[in-house]
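The structure that follows is given in the form of structure tokens.
So that you can tell them apart, the chains are marked A, B and C in the order they are listed, and the count of residues begins at 1 in each.
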Amino acid sequence: MSVWRRLNHIFVYSFLCLVALLQLSPLLATLFNSFRSTKDITKFPIGLPTQYNLENYIEAWRVGEYTRAFANSIIVSSVSTISVVLMAIIAGFFLARSNFKIKDYIITYFGVALSIPVFAFLVPVYFSFSELGLVDHLIGLVLLFIAINMPFNILLSRTYILGIPRELDESATMDGCSVYQIIWNIIFPISKPIITTIALIVFVTTWNEFTVANTFLQSPELKTASTKYVLFVGERGSDLSLVYTAGIVTMLPIVAVFIALQNYFIEGMTTGSIK
Amino acid sequence: MARQVLSNRTRRQRLIAYASVLPIFLYHFILIVLPTLNTLTASFTNWNGIGKKQFTGISNYIELVGDPNFITAFGNNIKWMIVFLTLPIMLGILLGYILSGVKKGRLFFRAVYFLPYVISAAIAGKIFAAFYNPYFGINVALKAFQLDFIALDWLAPKNALFSVAFVDMWHWWGFLLVIFISALQQIDPLLYESARVEGASELQKIWYITLPSIRQTIVFIVLITMVWSVSTFEYVWVMTRGGPGSEILSTMLYKNAYFKYRAGYASSIAVVQMLVSFLIFAGFGALRKRMED
Amino acid sequence: MKRIGLMVLMMLLVLTVSVYAGGEQESSEGPVFEVSSNVTEEGQVELLGKLFQRFVDEYNAENGTNYSLKFVSGQGMDIINTRMSSNNKPDIFSIDSPADSNEFAGSGLLLDLTEYAEQYSWDETIFDWAYSLAKVDGDVMALPFGYEGMVIWYNKEIMKELGLDAQSIDTLPEFEAAMKKASEADYIPVMLGSQDWPWAQEWYLSILYSYTGRDRVKKTIEGVEGYAWTDEAFAETVALYESWHDKGYLADGRSYVLTSDDAINLFTNDRALFKLEGTWAPYWMMPLEEADQNKIGVMLHPAINDIEEPHMPLAVGNMWCASSDTEHPELAAYLLDRLLDQDIQSEFLDVGYDLAPMQINESEFEGLIPVVEDMWNVVNGALADGSFGYTTWAFYPPETRVYLYEGIVNVLEDKITIDEYLSEMQRLNQKELEQGFNPVIPAAN
């Protein structure tokens, strides 16, 4: 039995590692290529770099004006994320638990809202925002990002909260807790997995978003990282090594944030919520 | 006395529910749905995107139905949908199941699989476009290793859509994985315990316990996959600009709105996208109703 | 509760920061004047920002005003379109072509510059052919800027290796012979990549249609009786293009599979004999190493029939316009006029930006790298002759033009016939004329 177990173990882990390799190989190739010169890359598309000079990186950072862009991206993404998480948990809870008349309509509404493509509202919203002075302003972008990310994450949170046994909040109600006390003290801690998920999704989506950000932000000092990359590569596209380098530079911060976020929240994750 | 208190309580609870959910709903409605109505009216005009609108009735829709571009694009969206309904979901569930079963390294693998999701479409698109390059891309390496048969003409019209879809899949299935892991972890381990005691095999456990338990999540994912396939945009735009073989509804919309001065026509495409999505959603709703009866 | 409190506090903090992160400038400095440009290249962005700032400062000094400049870049037609349909319009901005400025003027979005044009005597400075593009119904609605033309570049070393002489490739038979030789020697005869830049297809078609007969093109677009896209002459031209594609002369049969960057890379890596690109190409040539730069030569595309001699299809690269909503028309006109200064033209050259479409002192052309100097010799020579051709993006109606470069790929892919392609072009052209498109096509000599 134990040998079988061992073999199974090895098989599973090899499979996992293979998939991991396949997932990472494009990124590894990009990393390596960012250190190679364009001439080398045109000779052979992938390979190990012969030297590790950081000139390209400094150049890409400077040209792309990334410091300011990252600051902007952090502001936009953080505010959007926190807002959406709060809304998702609150709305998700009520839509999962409560029983008020229009509940089903609202659930359906958010589902249907998922089918609205960005272009259906991009130009009209731009028009309205321009009347209100919200264009070319990080706040305007944040407000729109929150609205765009609400439906999916509210439904996601609702699906998750449906899976939390009712006994928990029922026992709390017996103890005399108010609704919001239940949300903060019981639902929130147990929902760490879905909160992480939602936070990651919203942060990443807003960080990488290009179409809306490019339309709503004019001033160069407001532009987000993803916008900078597209403009940067649009012009210097024939310099292959610069394309790869710029890719790494744009990627690195969000990857770092991702690794940090996931470790922080997942610490206490346990299977099952009965505990 | 007790009943009085209870009904007061429920009424208060209901009020709290309304007060909490309505503002959230209104926020979204005002910001997204009202402007969308604007686009709806624009679809009945010959608006050029910058000037005045002139009412033209349903002429845009009539033109749309007869437009070969539209039919091709629509077909491509269907193909995209089929691709995304199969591979990424299966990978997500499979690896989600495996990962929730292993102890060591779960976090590591989860992070690795999710990583491509963190990369923006622009970057991934550019990088893969470089890989797909017939002269400087991986084909050079494949040929060097005698793997010619894999070295397809990636971005040629007959392969373009799938090549782009591949990049989006690489980016997307990690996302599904994370959602599935979240759902899988909600399954009561006692269910597995009792199954093991009764001598159920691995496959039986999956079929009778795992899959039914995450049914709601699967349905949710299938639904959004279908709906988002209709409006997908960024990957195709970045990699091929909706070129031959890979024109989809969104790229056709974009070109009409911004380069051809046909914003009214573009609006009608947006409306069609919404209509199709509504139908998909309604279909699911009807299905759910029947399953619950 | 503490956790929520912390979160709320954090949110408030970030919100306050983002409030100050707005793009509007406080009115402690004078009124803001916004210039929006479509350049993305770092050197060009820097130069334009610097120049406009200098102009605004000088205007302020002369007139005792205190305008402050807001300069934004990287705004392509899609962004400009969105902005011009809202209340967030820039004061002056650049758009791609006369067809676009026609469209904008038709919707009443442009400031009528006629009185300023008279004041600054633009009709004396700017080339006639360019100036006519700026007019809609006789009123000057934009400042045409940057003239670009279609030429063809070649690899000097490969030329020599194949025993060819660029100067003697003037006619169709000579051109096809050269392409055949290149192909047999395993080189790609003509390099072109339109995957990410579908507009690249129209570069070649601009040349070919123009060479089919300039007068013919002009009359066809204008809808003159007896001329249509479906005429035999155009069908022959498209068939010629298709034959080049089928023989692999055109980017190895993959002109729409390769990106523009691929095309550039292949050419600079000695894999292709010719590269089709316009006079804006220096932007990617200047960063190359000297040895690579010196390998590149330039010439006018050979003739394809007996009707037209080799000439240069022209376009205006940019149209600088002022918004009809601007509150500062004088400043707008002043800034536009300053772009025509002689002494800044060499600075434009240095960063690969467009030049003002006017007679420029030779001194401005000094100190250029050899290949760029060659190019300007070719260009200025063609202009001095006064003979030029018609590019699609400057002269054709917008929808017809888009179909031109999109539909051709279907022809190359054998999805539609040449007749179907040309019929559709004719249909669209007619439709646009009926809907009010006003062709502005100066007669070529």
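FYI, a contact is a pair of C-beta atoms (placed from the backbone, for glycine too) under 8 Å apart; a residue touches a chain by one contact, two chains touch by 3 or more.
As the structure is a computational prediction, the values presented were derived from the model and not from experiment.
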{"item": "Contact-richer chain pair [A-C vs A-B]", "value": "A-B"}
{"item": "Chain located farthest away, centre of chain B as origin (C-alpha)", "value": "C"}
{"item": "Centroid spacing, where centroids are CA-atom means, of chain A and chain C in whole angstrom", "value": "38"}
{"item": "CA centroid of chain A to CA centroid of chain B, Å", "value": "15"}
{"item": "Sites on chain A at which at least two other chains make contact", "value": "42, 123, 127, 237, 240"}
{"item": "Sites on chain B at which at least two other chains make contact", "value": "49, 133, 136, 254, 257"}
{"item": "Junction residues of chain C - those touching two or more other chains", "value": "78, 82, 85, 259, 265"}
{"item": "Chain B - residues contacting chain A, complex", "value": "13-14, 16-18, 20-21, 24-25, 27-29, 31-33, 35-36, 38-39, 49, 95, 98-100, 102, 105, 107, 109-124, 126-128, 130-131, 133, 136-138, 140-141, 144, 170, 174-175, 178-179, 181-183, 185-189, 216-217, 220, 223-224, 227-228, 230-231, 233-234, 250, 253-254, 257, 263, 266-267, 270-271, 273-274, 276-278, 280-281, 285"}
{"item": "Residues of chain B touching chain C in the complex", "value": "48-52, 129, 133-136, 153, 155-157, 239-241, 243-244, 254-255, 257-262"}
{"item": "Complex interface listing, chain C residues touching chain A", "value": "1, 3-4, 7, 10-11, 14-15, 17-19, 21-24, 36, 40-42, 70, 72-75, 78-79, 82-83, 85-88, 259-261, 264-265, 268-269, 283-284, 287"}
{"item": "Touching residues on chain A, where the partner in the complex is chain B", "value": "12-13, 15-16, 19-20, 23-24, 26-27, 29-30, 41-42, 44-46, 87, 90-91, 94-95, 98-100, 103, 106, 108-121, 123-125, 127-128, 143-144, 146-148, 150-152, 154-156, 159-160, 162-164, 179-180, 193-194, 197, 200-201, 204, 207-208, 210-211, 226, 229-230, 233, 237, 240, 243-244, 247, 250-251, 254-255, 258-259, 262-263, 266, 269, 271-274"}
{"item": "Interfacial residue positions of chain C with respect to chain B in the complex", "value": "77-78, 81-82, 84-85, 103-104, 106-109, 194-198, 254, 256-259, 262, 265-266, 271, 398-399, 402, 409-410, 413"}
